[in-house]
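As written, the chain order gives the labels A, B, C and D, with residue 1 at the start of each chain.
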């Protein structure tokens, strides 16, 4: 068990190193000169050279990489080229906003998807199961930003129940916070719930075909009892995998949704930095997102160990 | 049709309504048919099993032997329907046809009045649940043990009875930590936990090695003997049936083509299919070894389920088939049997045995 | 004895419906697969086909000249002249939708093409080399899975600016791991099969096994993955165009239309609804097609 | 224990297959930090020789190492130690590309009639695969038809796909493929254990016929003792990677020397002995090493 844990930890650390290399190599080595990108093509060579020197871009690439990783580890990824604003605090501020959005959406998506997915699986040969399944298929096809636009046009523009966008800090104005959280959360959650429900459906359907469920029925458990007592835990393995992937998708989906609802989250920071050509900020935000995704994968791996005893001893 | 009490042999296959509950008959199946809307898979299957009796159900792939078991258990896969009459005399007198009973009531019978051992021990147990809990569950579910702790004590006893080493420790392990033979013993312990009136075994040793098979077969037989349970034992292996059972039903193409005491059916088969099967399976021959390249064979191959010919299901592979075989051959009783005419006879127009063969 | 060795495919003398070996309509014994088309496949296939046809039609005919400011009123609701109305820049919406279908399909095609051409050989390589090489490929693959298409496209856009070409290459690269992974899992199954052992003992080279056995047997999986990835690519392209990082203004793109319509949600909601519906419908089409194909190819989902 | 050297008494041409002290170890995944990764000794120090024209049987239960031994003999895996010769030529130390001769000398028939034929290939291409793989192109079409007829299939089978055939027919196709490169040795791995009883006899007769007709050396692996007894001249019993006994078939079956062989034989639920009164209890007692009642 401890060995399996350590193995997973090693995988996480190597993945993080590889990911940092990919991000760094991509952003720093490929374009040639980030200083030139930041200042634009019209900048004088002298100005570019000065910026390069200020930011240490004239040093050897490995030194720059180690410097950058060191900055990340001490939670200080440096300052922006033009505005000279510190990147770390910006990310910290924006991350809070995005986390609210992502966590709220994930919880809501789960609350919707669990019962719906189960229902779809148990009733997969009946009309209600088929209708739900078809609906979820449509839900999967709707991009979150489209759902956001539709929700805005109905609840903000037509009905005027909630503002169409913006953000306030929960401590300042709890009601306003919830009002502004509602639509973006809903647009992310509805789509994710559709995806999740479909995965739950297929995981449960797979489990329903398993021999041990037939054994459970032969013991005298009724179909739903058998599913609850013996099926759900086994169905959880693939569902947890998808949950991890979805959390990652949500993080990225939030980038677009923040734009739709004008929310000052990590996504907005990323897009603004892209627009301003602040490669250092882009690089830092991308790295934060990728780290989040990899850590989520790690947690999913640990959950496997909790759910499935077979994986603990590495028998399979 | 018959007087209550011991079922007496009647002319023709025993019709529906033969009373169960009185006497020794535990399971009575009459005119059982199973199929999808278009395809019949099982036709007019009738048999009965007495208390303490071990009846074998033998057949090749597609013969419908497993479907028979699943139909009795009420566990047919979705999309298949069953008709006919299935009665079980367990703790509750079986006044009702199990095929017409609701799921809730059926669930009360399963695992209690009748239970089942399946073919694949590797997948029959829940991989995420300790085996002891899986055994205990069936007792707690039917309330045959007053408490969780009593059930746990009984689990250790049961696991000991199926010859598992260190049962107290083993109860705490997960299925993947056990070998195939050990898992099958756990499945057997689950099936026997509530002392069922009927135990159905569906190819319980097919996936096991010969030495493991021998011990598991022994445990199965001892388990039903100790409980005086009725057993329906399904297999494709003639040797296994002959070893374990007293009486055998031979199935082919979804029908019972021959039935009777093991000794008579295998030593002196009447139906041409049984005859071919016995000849083809007995590689050693009566005197230990047969010459090479002289194995008798049945020509052709077993058709896929639902694709058997009308009339006699074997006629497309039978060298004795004539025009008469195109209509369903009647059941010919072969001798008196306490379990009725369906228990001893065959459905062949040109039977083997006696003088002509 | 010779009767047992006769040509067995034909059934015995008394007959029966034709060759007894052919799969029955019910796959109870898993003997053969049922070839009935399922509704997902039919509906999805029809939608995909319709989109392809619309895109093709737009090359030879559109209701109005494409991407042209017309001498008409802006913000028209659907009417006889303009079946889906006109937008702020006095362009015909239906024309834009038709031309936008080209962009959508083109991006999907290139992205999926890039991903399949790189991912499938990688997956086969990973499955066929059990040692460090296979491990390396899959570990790298797992890390790359942490870069979703949208994120990668944003990184690309940060460096090279937003354009359709950048978007589809970024989406393509981000989709490689999905193809590599599904191909590997399928190829592992093929490599474990006895017919590959037979091929090895017959003297087939590794390349021969890859081409003659592995590729044909994972083709189904790859096609299914392509359909699903196509849907994801459409979504990503729309999102990028919406963010202003994909297809630039002046070129037809459904995501771009959606972005431009957002400011006039109250006065002209149809400007958002039409491209939105087009995106959702095409994603639905490819998803359904992929799902239906998967069920069609998977015999174990039938019966039982 | 039999001295393997004593069995190497084949005629002048030398043995078809010869193993000298062959072992194969597998390293398993590490399961704990404190102990080294466990090593499985799948085959331990096996010495054996199969004469040309002999029908040799290998019997063993799951995990006995018989499949590993088979892979070694077929040159699909290399031994950890020991020497292996097929028709006098070394196999144990050769890279795969140097074993092309073995691919036409020795051919395989498999257990699973479903999984041993590529579902995407026509029967014609399946049967011709060994020929094509060895670069023979001309005359393949006629050869395939000829082979199909030899195994009891009609020529029109060549244009069909495997799923259109039943299990027994697929085994015939498998045999036809094995015969294609005109091998000297046929290795059959549980060729009938997945078949229905009524079809099993057909395939056993076919194997017998082709071994006879093509003058082959046969190595048959099976868990079913009665099949081995019917087909083979000489049998070895494997347990935990070792050969516990090698003997002529009738000797092994009538007078088994090793206790494991005895318990194995006692465990078989044979029809005839069952009819003469052997019960499940007797079988189990036999396994435990007690004399059957």
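Going forward, a contact is a pair of C-beta atoms (placed from the backbone, for glycine too) under 8 Å apart; a residue touches a chain by one contact, two chains touch by 3 or more.
What you see is a predicted model, and the numbers here were worked out from it, not measured in a lab.
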Exercise. Quick one: most central chain, C-alpha centroids?
Worked result: C
For this session: Taking each chain's centre as the mean of its C-alpha atoms, give the chain farthest from chain D.
Result: A
Exercise. Count the touching C-beta pairs: is A-C or A-B ahead?
Worked result: A-C
Exercise. So how far apart, in whole Å, are chain A and chain C when each is placed at the average of its C-alpha atoms?
Worked result: 23
For this session: Take the average of all CA coordinates in chain A, do the same for chain B, and state the distance between these two points in whole angstrom.
Result: 54
Exercise. With chain centres defined as C-alpha means, what is the inter-centre distance between chain C and chain D in Å?
Worked result: 45
Exercise. Taking each chain's centre as the mean of its CA atoms, how far is chain B from chain C in angstrom?
Worked result: 49
For this session: For chain D, write out the residues touching at least two other chains, lowest number first.
Result: 166, 168-169, 201-202, 205, 209
For this session: Could you check chain C for residues that touch two or more other chains and list them?
Result: 1, 4, 6, 8, 20-21, 23, 31-32, 304
Seminar exercise, completed: Note: chain B residues in touch with at least two other chains are 61, 293, 297, 301, 317
Seminar exercise, completed: Listed in rising order, the residues of chain D that touch chain C in the complex are 74-76, 100, 103-104, 106-108, 110-112, 115-121, 126, 129-130, 133-134, 151-154, 156-157, 160, 163-166, 168-169, 172, 174, 177, 181, 201-202, 205-206, 209
Exercise. How about chain D: which of its residues touch chain B in the complex?
Worked result: 61-62, 166-169, 196-202, 204-205, 208-209, 212, 223, 225-227, 229-231, 250, 253-254, 263-264, 266-272, 274-275, 278-281, 283-284, 286-287
Exercise. Which residues, counting only chain B, touch chain A once they are in their complex?
Worked result: 73, 75, 78, 103-104, 107-112, 115-116, 118, 120, 123-129, 137-138, 141-142, 174, 176-177, 187, 190-191
Problem set entry | chain B partner contacts - residues on chain A that touch it in the complex | 125, 210-212, 214-223, 225, 229-230, 233-234, 307-310, 313, 315-316
Problem set entry | Of all residues in chain B, those that touch chain D in their complex | 60-61, 180, 209-215, 217-222, 236-240, 242-244, 262-263, 266-267, 276-278, 280-284, 286, 288-290, 292-293, 295-298, 301-302, 317
